[in-house]
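Presented sequentially are two complexes of chain A, the first with chain B as partner and the second with chain C.
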Partner chain A sequence: MESLGSGGQAALLLLADGRLPAGGYAHSGGLEPAVAAGRVADVAGLERFLIGRVETAGSIAAAFAAAACARAGRGNLSDLAELEAELDARIPSPELRKVSRDLGRQLRRAMNGIHPHPHFAALGAAPHQPVVMGVAAAVFGLGPRAAALAILHENNAGAAAAAAKVMRVDPFEVHAILARMTDRLDCLAAEAAKAADGPTADLPASGSPLTDIAAEHHRRSDVRLFAS
Partner chain B sequence: MTDDRQPQETRALRLGVAGPVGTGKSSVIATLCRHLRDEFALGVITNDIYTDEDARFLRSEGVLPEERIRAVETGACPHTAIRDDVTMNLMAVEDLERDFAPLDIVLVESGGDNLTATFSPALVDAQLFVLDVAGGGDVARKGGPGIARADLLVINKIDLGQHVDVDVAQMVADAEKARNGAPVLPLSRKRPETVEKLCDWVRQLHASWTAGGHTPVDPGPMAPHHHAPGDTHDHDHGHRHAPGDTHDHDHDHDHDHGHGHTHAHGHAHSHSHSHD
Partner chain C sequence: MYASSLRKAASGRPGAMTARAVLASELAANGRGSRVRTLRSDGPLVLRPCHPKGPEPLTDRRHDVARVALAAGTAGPLGGDSYALDVQVGAGSTLVLTEISAMLVLPGPREGQSRMSITVRVDDGATFVWWPQPIIAARRCDHRHDVRITLAESARMILREEMLLGRHGEAPGDFSGRLRITRGRAALYDQQLRFGQAWDGWNGAAVLGDAAAVGSIVAVDPCWTDMRPPALPFHKDAALMPLAGPGVAIGAVAPDSLALRHLLTRGLHQLGPPWAI
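Up next is the complex of A and B:
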């Protein structure tokens, strides 16, 4: 098991930071449509939403980031297309597949300006965000567990940050949720790293159908603060 | 295909349009498209605070083929999208330049924001800042990065001055003072001669940029604002615009602003374009 104590922590913080200029701030991770539909109405609901999100979409993203990181770390990106196809198959909503690829392109565009590496060019026209994150982590010398943690934290903190704009919440309470989730994110990252070396088809595939449906509704909503 | 920087031959002049909500940014862009579309290959990126209202407005105006108008959703952070994290906008511009190559000019409309929002030089080559008389005659006097240092300050809806008790000449004079003589353009789409001046400014900018003579100038972020413990709030923000502050400068616009191009108003040159 890779250790996070042996260096690379600063690079991990850089990748997971919401201020990394890759456009993540325009998305609520599905929170806005969940609030609009009345499914999330208070802080307790927000906590349940965020936990549900990391245990489903989060664990998938983490596993694919870890898998991409492991492959890039070995310098072998030959089965990236298979990785991309497997991730597509785990995101039923066309809208969410597009969002994942838009965010991936943006992260790759940002990394090309921040820390260029030939691996980024090998990612194809519109790679998924977790795949780009995994490759970016490898480029910084980080391992699969760190790659998984970066995408878990970025996605989770991004959705939580959106709460301040779409709900009546005390921002301290929102961060208290994130604080309570730290152990959970560590565990999910460790599980993702374990899965990373297995067959691509066996990577986690948990789903949350309501999120997919909500994303499609959100796309068609006339007034929305967040792109997703 | 990757998202590396655009090859120089398909790189368009990128012109930002910023300013507070409701001052007429979309209308200025519609006007520019209408008057310049036969001279230049144009594209437009809009930044809406929510929805894609501005892109829909421009498409409904029919000023450009609608596929050349694209909306970027900024997650209620219009300021961030043009300043701190321009990646979404930059990619939208690059995609447009790639899909419709070669474009001459891409106009980027910021979401309506406050007076401190200006474009990053990483996103645009030049920017105009739009105020309007209906927003209050004193706004120009307030200065700030957009008003003071955008490449061009447009004071829009001057035909409304008498209806909102704003002395347009005074507002323009205040703006010129805040800008140390950098160009200010009073505009009304009901006064064709002012529209023509706006178009001329863009023509000159494009000519200068094409010739390699235009250097992007960063108006800068909001003024430094520091609240240390014990701060007594009497700090200097680094810009002065007190009423009664007297600067001795003339308003001759023939001088060089250090942009590598001059903003001569009222000069004659030939061009062809169509009015609709």
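Up next is the complex of A and C:
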């Protein structure tokens, strides 16, 4: 497994930064619909929400980013179509498939603007966000574990940042949750990198039924701050 | 049959039970209707030809289909037990597999996981209707459930899965279940569900919240290749969702098994005939 100790840290911070102009700020990672449905009402509920999210959708995104990074690193871009189809099969909600592809398209546009590389053209018209993240990490010379960590942090911090806008919380308490989750994210990234070496069919598939259901309701909601 | 499946080596634990049952259907020789070709029960997995018990999607009141019910020959699976069921729906045939009662997954007398592995192959032009009863993950159980379904591109299928998080008023044991459906050579649906103390975050609002029951219906029809039924969140705890391939998933969470069954049936109604029951 690659070391994070020698080079590449700055590129990893760049990819994981919510200020990367890739559209992440417009999404709450399912938190807004969960709050609207009354399922998250306090800081404890927020922490359970965020942990459940990284352990399910997060572990899938991490594994697919790591797998895309490993394949792009080897120049195996033809395998990315299979990754796309396997990821589609792991997202029952059509709304969440669309969100993932919207974010993927925006991330690719950002990367094309700030760090062009022929690999980005090899992705389809609307690639999934974790797949683009994996390819972007490879383009920066990062390995699968860094690719997984980048998407885990970006998605987790993005949802946490949305908390201040959709519920009454102390921002220090929100960041305390993120601080408590750092070891968890490291573990998930390491597991994702390990899974990336195995067959595509065996990549994690941990479902999150309430996230799927809430996303379908959210799309039809008249009053919303975030796209998802 | 029963005795031979006791104390087999798979888990190496004395008293643990391994069982492998096999079921296959085929088109009858005269081409009219389907028949059961293989029916091999093993110990706790008892397969019996049966008549329709209640309303069924796709095959309601039809007499030209092969109908089999799975019954429990013993309690369990218990910790340490390993069950397997292999199903093949032969080309052009229609198989309906139901279940006599819910499957109560219990801890064993000693430590150890219980496992159930189900593989299903649905061949060209065949139809598989799988309408089982719920799986109940009792307190302190430690169960791994693995279902792999391989569909030919011209095959049709509908299944229901329901999981109850513990018996009434009880915290669930550790449960992990995966349902993976491939069609042709491509993945169509792949979802794993985990709950119980062994995992984190499952009782958060992203996964199951405070629900005590969770389930889904997955339907696949080659007619939906170009156009699928539209997405419809028909209840705050349930939604009908078209998949990326020619299938739909109806997902629901509920406070109890009755409410879950009600939501899933309501989702099925949104699909209209011949799916609705």
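In this text, the second predicted complex is superposed on the first by the 228 of 228 C-alpha atoms of A that agree within 3 Å, B and C clash if a C-alpha of one lies under 4 Å from a C-alpha of the other, contacts with A are read in each partner's own complex, and residues count from 1 in each chain.
Just so we're on the same page, a residue touches a chain if its C-beta (ideal position, glycine included) is under 8 Å from a C-beta of that chain, and two chains touch if they have at least 3 such contacts.
This structure is a prediction, so every number in the text was calculated from the model and none was measured.
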Chain B versus chain C as contact partner of A:208, first or second or both or neither: second
Contacts of A:48 with chain B and chain C, given as first, second, both or neither: second
Partner chain in contact with A:17 - chain B first, chain C second, else both or neither: neither
Partner chain in contact with A:112 - chain B first, chain C second, else both or neither: first
Dominant contact partner of chain A by residue count, chain C or chain B: C
First (chain B), second (chain C), both or neither touched by A:26: first
Touching partner for A:120 - first (chain B), second (chain C), both, neither: first
Partner chain(s) touched by A:222 [first = chain B, second = chain C, both, neither]: first
Touching partner for A:173 - first (chain B), second (chain C), both, neither: neither
Residue numbers on chain C that touch chain A, as the complex places them: 178, 180-182, 186-194, 199-209, 211, 214, 216, 231-233, 236-239, 241-245, 249, 251-253
Chain A-touching residues of chain B, taken from the complex the two chains share: 1-4, 49-51, 73-77, 80-81, 84-88, 90-91
Residue numbers on chain A that touch chain C, as the complex places them: 30, 34, 37, 39-40, 45, 47-57, 85-86, 88-95, 97, 184, 201, 204-213, 216-217, 220
Contact set on chain A toward chain B in their complex: 19, 21-23, 25-28, 105-106, 108-110, 112, 120-121, 123-125, 162, 165, 222-227
